[in-house]
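In structure tokens below, several structures.
Heads up, the next two complexes both have subunit A, just with different partners, subunit B and then subunit C.
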Partner chain A sequence: MNSSRTAWALLAPTLIILAFVGLLPFFYVLYVSFFDWNIFSKTGVMSWAGAENFRRLVFDADFLAALKRGIGFTCIAVSIEMVLGLTLAQLLMIRFKGRSIFRALHALPLTVAPIAVGATWRLMTIPGMGPVSYFLQQLGIDYNIGRSASQAFFTTVLMDIWHWTPFVTLTFLAGLSALPRAPFESAMVDGANRWQIFRHISLPMLRPVILTALFLRIMDALRIVDEVWMLTGGGPGTSTRYVGIHLWRIVFPKTDYGYGSAMSVLLLYFTIVLCWLLITAITQSRKGAGT
Partner chain B sequence: MKKSRITLFLVAFVSLAFVLTSSVVFAAGEEWWTRAAKPYKGVTIKGISESTPPSKFMQRVLAKKFQEKTGIKVEFEVTSWDMMYDKEIKDMEAGTGIYDFVYIEQDIIYGYLAKNFLVDLTVFMEKHPELVFADLDMDDFTSFINYFKAADTGHLYGFPFEAFLKVYLYRKDLFEDKACTDAFKAKHGRNLTPAKTFEEYSQLAEFFAKWGKDNKMNLWGTTVQAGSHPAAFYEMAETIWPSWGIYNWGINMDNWKATTANGGTLNSDKAKEALKFWVGMLKYAPPEATSSTWDEVAASFAGGRAAQGWVYGENAAWIATDSTRSKVVGNVGVALPPLAPGVLEDAKAGRGYIGYYDGGALGIPHSSKNKEAAFLFLQWVTRKDFQGEFAKAAARIVRTSTFDDPLVKEMDAKVDHYYSLFEKEGYLFAGAPPFPFHPTIREVILPYMLKAISGEITPEAALDGAANDVDAELVRLGYGK
Partner chain C sequence: MSSSISKKTYKSILIYVVWIILSLITFFPIYWMFLISVRTRVELFDAPKLYQTTFYAMNYIRPLFIDIYGKYLYNSLIVATGNTVLVLICSVLATYALSRYRVKGDQNIFFWTITNRMAPPAAFMFPLFLLFSRVIVVGESRIFDTHIGLILVYCLFNLPFAIWLLKGIVDGIPTVIDDAARVDGASTLQIIWKLIVPLAAPGIAITALLSWIFAWNEYLFAATLTSVRARTITTGLTEFVTVVGTNWGEMAAIAIVCILPALIFLFLVQKYIVAGLTFGAVRE
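Right after this comes the complex of A and B.
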């Protein structure tokens, strides 16, 4: 009993902070989502809208397009990050000269603030002036993220991969380092090759780590704003206006707080459902493999 | 001989008396600032503004001088346009009181007044006469100050510190180059002169883009402010459309409708033609045009990458004179923008305007905790005796007396008489329409414009969609039915 009280007492500060910075804002956003509230409307006051904001969302072609773009971006960027991260983690498990230096260097992008990442990439790729566009032009490649929607899209994907693959690598590296040695040694004694060891031992044992990294990256990529905002501003046209940027423009520059809040709630719901579906699919496949 | 000595003595005496009197008055004026600020010595005031040449000058030069003179510390945050609005609107809406003075761009003042964000400076001055500088001279401000007065009471809500025109800049060296002029005349049968019409503008844009390509120069025919940013909307709505005769963003202010079916002009044939023209200019613009806001447009022009363009006047001075940042020093021509038939007549008769008279003021939010100290700073940056230096550095003028300042006169010749044009033709330009819903409607139109720029949809479809959405949004905001 006493130890339980002590545990709650120790947890209390964290729970209080969590309530203030996590739960309270969430419930406030949920509350605002049922109102029509734009500070530049004629009255400027909140008026009850019921579920109208959510109804509008379902028919909002711009929102749905932004969501679709965001999902596309997330699928491509996160898939590549996972594969690349896992490969790099495997390679970094091998002992070689300069391994520590390489580990430290490859984690450097993680230390850069997203807004600075966007600014740096913008400086490098600014059409006509950035070194990347300049050198590609010298090679005869017309690279202009201000005009080509596909180039802009894939540049944002590339930037995200550059920025976040080290996070995935480090997560997998921690996971791999923590795995028990015995199953690997047994497999080697039994004559299993590297691929078989990876496929049948490393991967299944890493499943919790993979899931954690995957969910974190999906949640992060779906709500990406600052890097892309800095790099392309959501353009050209609306080609990189992912759902996070769309939401930001609705809430802040447009000051449509009610509608923007409804959008946030729906996006949160969508993210939870997506993660739940993923975890179910992975669990089901695991069960299927076990039977 | 005796007479000349007497004359000499009299001249010397009068000069000495004048110098002494001026020094005493000046010293008394200087002393006033220290005296008036005494109760607030040690106070820190915090303000925010956009990162523009005028704001940087205030931050770098004027705020420091103010601090030295008054002992009031100024924390002047100069940030991007988006961030500035994001931060100050949130601060004023929530009433947190982070900022003691805020930047009020001419186009946002109506929204701020509707929300009652700002302190009524007329009332403030009546209540605190001891804080009003004797030489404030309100009558000396240009008519631009009227944008910061409430329409019903005439009360002032901001001290303007910057005002400038969005003008047409062109490369004089290219327009005077013999090879260029000959080639142009051979092709178009007329002299190579700055554009007065849109047809001429298109010809020049095409000609210089080709000239740059043929001669392997980093030169294009025109600037276009077409980045994925509100800047694209502003170039269209406040510069291009007015010069085509589409005013007030195409919104009918009698019934708050934008569609032609309801008396608006946003999707009128003329508005569509103007958008088509502007989007069409992209093929003659430097590659960075679709990533450009006002800053990049100025940088492109300063880098010698465009033969002509619409550039905010606040950049004119440094582009024309600062060789550390500009490759076109001494070669900048300034003129009125090209116009559609009848627009100049409209502007002269007060029925319309030919372009954008931009600028901003500093105001004090109700939530400020140091209103008195902030008020002193507002007067400080608009002091008459600082205006010449300020205008020289940032090509902005808010006082009529500044036009006669020797520093401005000297600069005028270097900037192809931009200041003279500003003084004489400024009345043809106008600020943004008095829309309290300015940011919201901008955000409705902007995505359509960006889609037209990228070619996702045609300019015609963009404006049809935008006009319909504006009508619906205005109803939602409580304007019209």
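Right after this comes the complex of A and C.
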């Protein structure tokens, strides 16, 4: 009895802080989402709106387009990162002199502030001044992310790959290093080639790690704001206005609080569902792997 | 025999070539930003050169010492350091409880804290902005635009992260040590402070460094929950981009200042940072 009281006392500071910055905002946003609250409206007071905000949301073409754009961005960027990360992790498993230096250099983008990542990529792609646009121009390719929607989109994808592939690589590297050696040795004795070993031993044993990395990347890519905002400002037009930017730059400044809250609730709902899927998939694959 | 040696040599050369190219790709954007940060406005409009022989320090001096960016830098230091201290105190206590006691629903608590890290900041920004600026108002004072506001909000992602990292480390410290100390009459806080903290010191140090970097790097909450007094350096970075034109040199200089602490940390303790950056995604 006494010991559980000690445990709660030790947990108390954490729980109080997380309740204040996590639970309270969560319930508050849920509450506000059922009201019509626009500080520029005549009264500026909250009035009950029922599910009206959510009804509007489902028919909001801009929001749905931003959501779709964000999902498209996530699918392309994350799948390339996974393949690239898995390959690079395999390459880092080979022992060679200076491996740890290359590994540290590879981790570099992870420590850079996302907003500064956006700044570096912007400096590289300014028409006429950035090296990327300059050299592409010398080659006769007109590259201008301020004008071409598809170029802007693929530049944000490339930036995300530059920024986050190291995360996937390092996660897989940790996973690969933690695998038992015995199955690999017996496969080698049986004369399996590199690809067979990778396909039939590494890949199945890495399943939990792959799932973890995949879901963490999906969550992070879906909520991307800083880098893209600094690089393109969501433009040109709406071509890189992903859902986080839409909520932050378009809905938030309108001070239509009830509607913005409803959008937040929907995004949080997606997050919780994704989290739940993540945990279930990982625990199941852990059980399946028999560890 | 000799053919197998040359095949091996080929392979290792190939590995070096691959990693040198990759490292160049990784490093080039940052190198380029540094070049821009030491160029005058006039130099910027020439064709891009990949090297630089002169150093134009005004890009650093003007924003930091004449403009307000020195103040932003100070705010970032206060917020990141304050948040790290708070996170360490709370997470060490919480981790010890989660690791040593069977509390009803401790799995749920663990799951809930982790979910907080996943939360999209864009969705939390609405309620936090309303709470900080309109709802929680005591007389004239609000939490909006204060250091303490950001320090608390950054716990939303740093506290779960710290618990996640430390849990594995504290779990690895044998409970026999606690029991022995308890028999000698030590209180729980004494055990944590005199036994657990020293034993987990390397892990705690890495947790501190990474929490500090994450708090320092954060942008979205800082941009939404501050206006003038508590504005951080990352938020200041976007202020260079204006409708009347951008001072690219100064923006690059501030961006370099922004990423400098993390770069220094990475090269000082790279092995541990690299392991921590995977957020303990792989654990035994």
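What to note about this one:
FYI, the second predicted complex is superposed on the first by the 255 of 291 C-alpha atoms of A that agree within 3 Å, B and C clash if a C-alpha of one lies under 4 Å from a C-alpha of the other, contacts with A are read in each partner's own complex, and residues count from 1 in each chain.
Please note the rule applied: a contact is a pair of C-beta atoms (placed from the backbone, for glycine too) under 8 Å apart; a residue touches a chain by one contact, two chains touch by 3 or more.
Bear in mind that the values here come from a model prediction, so they are computed numbers and not experimental data.
Overlay on subunit A: subunit B and subunit C clash in the combined arrangement.
When the two structures are aligned on the shared chain, A:D36 is found in touch with subunit B, with no touch to subunit C.
When the two complexes are overlaid on their common chain A, residue A:S239 makes contact with subunit B while staying clear of subunit C.
After overlaying the two complexes on the shared chain, residue contacts for A:M129 are found with subunit B and with subunit C alike. Partner contacting the larger number of subunit A residues, of subunit B and subunit C: C. When the shared chain is aligned, subunit C comes close enough to touch A:D226, but subunit B does not. Touch criterion not met for A:I71: it reaches neither subunit B nor subunit C. When both complexes are overlaid on chain A, the residue A:I145 reaches subunit B alone and has no touch with subunit C. In the superposition on chain A, contact is made by A:F252 with both subunit B and subunit C.
Residue contacts after overlaying the shared chain place A:V21 against subunit C, while subunit B stays out of touching range. Of the two partner chains placed by the overlay, only subunit C lies in contact with A:W162; subunit B stays clear of it.
Among the listed stretches 110-118, 290-298, 344-352 or 416-424 of subunit B, only 290-298 clashes with subunit C once the two complexes are superposed.
For the contact definition in use here, the residues of subunit A common to its subunit B contact set and its subunit C contact set are 126, 128-129, 233, 252. The residues of subunit A lying in touch with subunit B in their complex are 36, 38-44, 62, 122, 126-129, 133, 144-147, 149, 232-239, 241, 249-250, 252-256. The part of subunit C that touches subunit A in the complex is made up of residues 12, 15-16, 18-19, 22-23, 25-27, 29-30, 32-33, 36, 44-45, 47-48, 50, 86, 89-91, 93-94, 96-98, 100-104, 109, 111-116, 118-131, 135, 152-153, 155-156, 159-160, 163, 188, 213, 216-217, 219-220, 224, 234, 237-238, 241, 248, 251-252, 255, 258-259, 262-263, 265-267, 270-271, 273-275, 277-279, 281-282, 284.
Subunit A contributes residues 3-4, 6-8, 10-11, 13-15, 17-18, 20-22, 24-26, 28-29, 32, 88, 91, 94, 96, 100, 102-117, 119-121, 123-124, 126, 128-131, 134, 162, 166-167, 170-171, 174-175, 178, 209, 212-213, 216, 219, 222-223, 225-226, 229-230, 233, 243-245, 247-248, 252, 257, 260-261, 263-265, 267-268, 271-272, 274-275, 279 to its touches with subunit C in the complex. Partner subunit A is touched in their complex by these residues of subunit B: 82, 85-86, 89, 93, 111, 114-115, 218, 227-230, 282, 286-292, 305, 436-440, 442-444, 447, 450-451, 453-456, 476-479.
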